[in-house]
Amino acid sequence: MEVFARNLLNGISFGMVLFLAGSGLSVVMGVMGITNLAHGALYMLGGYVGWTVAIQFEMNFWLAVFLGGLASGLIGLSIERIFLRHLYKQPNEQVLLTFGFVYIITNLCIWIWGGRPRMQFTSPALSGLLDIFGMPYPITRLVIIAIGLIVAIVLWWLQDRTRIGAIIRAGMDDKEMTMGLGINLERVSMLVFFLAAFVAGVAGVVGAQIMGVHSILGLDILLVALIVVIVGGMGSVQGSLLGGILIGLIDTFGKSLFPQLAMFTMYLAMVVILLLKPSGILGRRV
Amino acid sequence: MEALRVEGLSKDFGGVHALSGVSFSVETGDRLVVIGPNGAGKTTLFNVINGQLSPTTGRIFFFERDITNMPTHQRAHLGQARSFQIVSLFLNLTVLDNALIALHGTKPSRFQMFWPMDGYQNLMDDARKNLDAGMLWEKRDEFVKNLSHGEQRRLEIALSLAQNPKLLLLDEPSSGLTRDESSEVIGLINNLGSKITVLIVDHDMSLVFGVADRILVLHYGQVIADGTPEIIRADPRVREIYMGMEECIDHVGAG
Amino acid sequence: MAARGSPLQGLIARFLPWIGAGLVLGILPALLPSYVQSICTKFLIFAIFATSFDLIYGHAGLLSLGHAAFFGAGGYAVGVLMLHTGITSFWIGLPLGIVVAAAIAAFFGFISLRVSGMYFLLVTFALAQLLYSVAWNWLWLNSPGMQGIAGIPLPDLGIPSLTWNTIYFYYLVLVFFCICFYLVYRIMNSPFGYALRGIRESEIRMQALGYNTWLYKFIIFVVTGAFAGLGGVLFAYFNRLISPVYLGVGTSFLPMCMVIIGGSGTRIGPVIGAMVIIFVEYFSSLVTPERWPLILGGAFVVAIMYARGGIVIYLSRFWKQIGYRHGSIEG
């Protein structure tokens, strides 16, 4: 029973990281039609910046989270403004471009922070165990779950309850019509892209509490985020949350029950969804 | 012989009824023009007849054959051809390449992977004939994206005739054309002969009345009128929809 | 299109570049030191790989993000063959590698083509990663105690008196490069190649013209998979080692770079791109090996933004032969 509860909480907390990592990717894909392969690199960058703030300069953890997000958000925004914007009608070229940036960002991170494998990054503020029904459980993971929920609620509120969210959803459905109504979709798109990158950076700092920071994260996280998007569906906060938690649970229980299968459980879920409902559980028809 | 029969066609897009209970039939050689305000469902109708969309309910018969669920490319083999409202030519290829590809669509050699296209002399001759008809042979080595809008429209129609189709669907052939260019299009359609059946969607009234044997009026996805040009011109419901177009209809009708 | 000067001059002008290239590729390496021959061999192998990628990307317009899956599969087939059966015959390894790569391409193609647009990209990417993961974890695909398969010998051609050295291997690869180049050239000019470009430009119109576009896309998946597999087979013999890296994203990125920098949708663009990248990689390894990915990524971004036609567009001003007869994605 304790094993089950532990797995459950581990799966959910891991899933929250996946949600945070994947939500930005999903929304940018759904809203702006851009497949930003550099999203994982932005996650990684956030983690590195957060590490510098929290561990190297020993500053407040929440400050690290914020600054990590900010760094990623700004880099992401500049990629969009300086480069992607000019490739508006060419989706293949956009994707290729972001692929190029994975290399650039990853190598820059190695240059700045060194190629050390897996830097440990557990903020002292979050250490310790909490007693849950007699089972000691790391506070870190509980905080992660909390952060995930809060971000989910905020994003959902933005998406469904604000004017900006309505504009975004309208833009997703019919870009020309929305622009034709005089709405400055470009400005909103910039905001969306920045926000998505920001969340990715935050995810990097938060996720580092469980997984550390290392230079291959750029691609590893991208892959996982893509699976979350495929499984959960593109373009909605709910889809990413569902996808993230589902994959988190599948991966955790999978590794616990069939250790030799390792990453396969995630891939299996992806292939199953692709064969049954390619647009994802909560996605629109592709 | 009945070329096309459409029964009870409906197309829903999650709550929006793009087409509702559309039924009509067309005899071989007819020229049927579909008109209606924007959003009336005209292009949706074409998409369903040609297979880009499947109808929610209803059936389509092409020369007595039920093609309701047949994929688009097979309908081309049965003799359908279509031009598109939004330019869908092969922009980054030359005019000649566009023609060669169009001509090859229903030939078995289109899967051939080794012998060059240049070697098909018959095809090259047919391409010449096809482009000559559209007066585009001199421009055969130009990239289509460099052609003028009028030339692109001419090419679009020329390509749709490449396979000697039995049913030709022209979606807004005069869109963006000048008066003179439109007259050319009208002339072209009128010279197509009685073996080919033509369905047209358009807004240009001089084209509509210059070409149509019959007019179908769509409004909010429903057929509200179906008859000869005289009947349609006199129909009060149609006049109501086209308020302000009354003068236009009267004026054109006289010419 | 009148030829200037006499017809003979016209003929010579048309074939001169090919003769020149033939001399350079055929004779020059024999005169160079053996480590340069090695680089030339690597360039040819990747030229095959890049050309296969251009077939599906430059001509069919499908961005297959996991192309290394087919390349690596070819290599693994050779490795596994040697590891588990001891067979080192080239005449078994080669067809096996090509067939395995084509089979995997068929499987990937079938799944990926169920979706389109953005999803297609994601799926091709994720499937390649899946294969990478399998290669990493499945013990059967690894030499004992390590990642990948080592100790792949030089190919056994069944010619008893033949002892290998660098230049012989180079010529072997050159032969296959020429075959591959020729075949791809034929495909590009055939009705099938024309149809691919039509699909790239407007799939909807192609369907309305009578083309079963799914079938074309599926076939080209298998064909490019086979060519990539050929490259992988040659690579396994060249590298003497095959590992999951060669199935992964890093390897998938290389043909993309080569095609973009060289010029997509053209006959020799991928080849030029391969030459540039392989040689610059070598020079970079002498000066600043750690910054190579940055250089590569930077050059790639610059090429996409400002030089979409690739190097070929500059060359084509001098030589009509390698110009854009078939149209391509211009900047």
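Per-chain numbering from 1; labels A, B and C assigned in written order.
Everything below uses one rule, namely that contacts are C-beta pairs under 8 Å (C-beta built on N, C-alpha and C of every residue); 3 or more make two chains touch, one makes a residue touch a chain.
These numbers were taken from a predicted model, which means no experiment stands behind them.
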Considering only chains that satisfy the touch condition with chain A, which of them also satisfy it with chain B? C
Using CA atoms only, can you tell me which chain is the most central one in this structure? C
Taking each chain's centre as the mean of its C-alpha atoms, give the chain farthest from chain A. B
Inter-chain centre distance, chain A versus chain B - centres from mean C-alpha coordinates, in Å: 47
Centre to centre, by mean C-alpha position, how many angstrom separate chain B and chain C? 42
What whole-number Å value describes the gap between the mean CA coordinates of chain A and chain C? 33
Can you pull out the residues of chain C that are in contact with at least two other chains? 329
For the complex, which residues does chain C have touching chain A? 57, 61, 63, 65, 111, 114-119, 121-123, 125-126, 129-130, 133, 137, 249, 253, 256, 260, 290-291, 293-294, 296-298, 300-301, 304-305, 308, 329
Chain C partner, complex, touching residues on chain A are 29, 33, 35, 37, 83, 86-87, 90-93, 95-97, 99-104, 106-108, 110-111, 115, 219, 223, 226-227, 229-230, 234, 260, 262-264, 267, 270-271, 274-275, 278-279, 286
Interface residues, chain C side, partner chain B - complex: 186-187, 189-195, 197-198, 201-202, 204-213, 326-330
Chain C partner, complex, touching residues on chain B are 50-52, 71-73, 76-77, 80-82, 84, 88-94, 97, 100-102, 104-106, 109-118, 120, 143, 159, 162-163
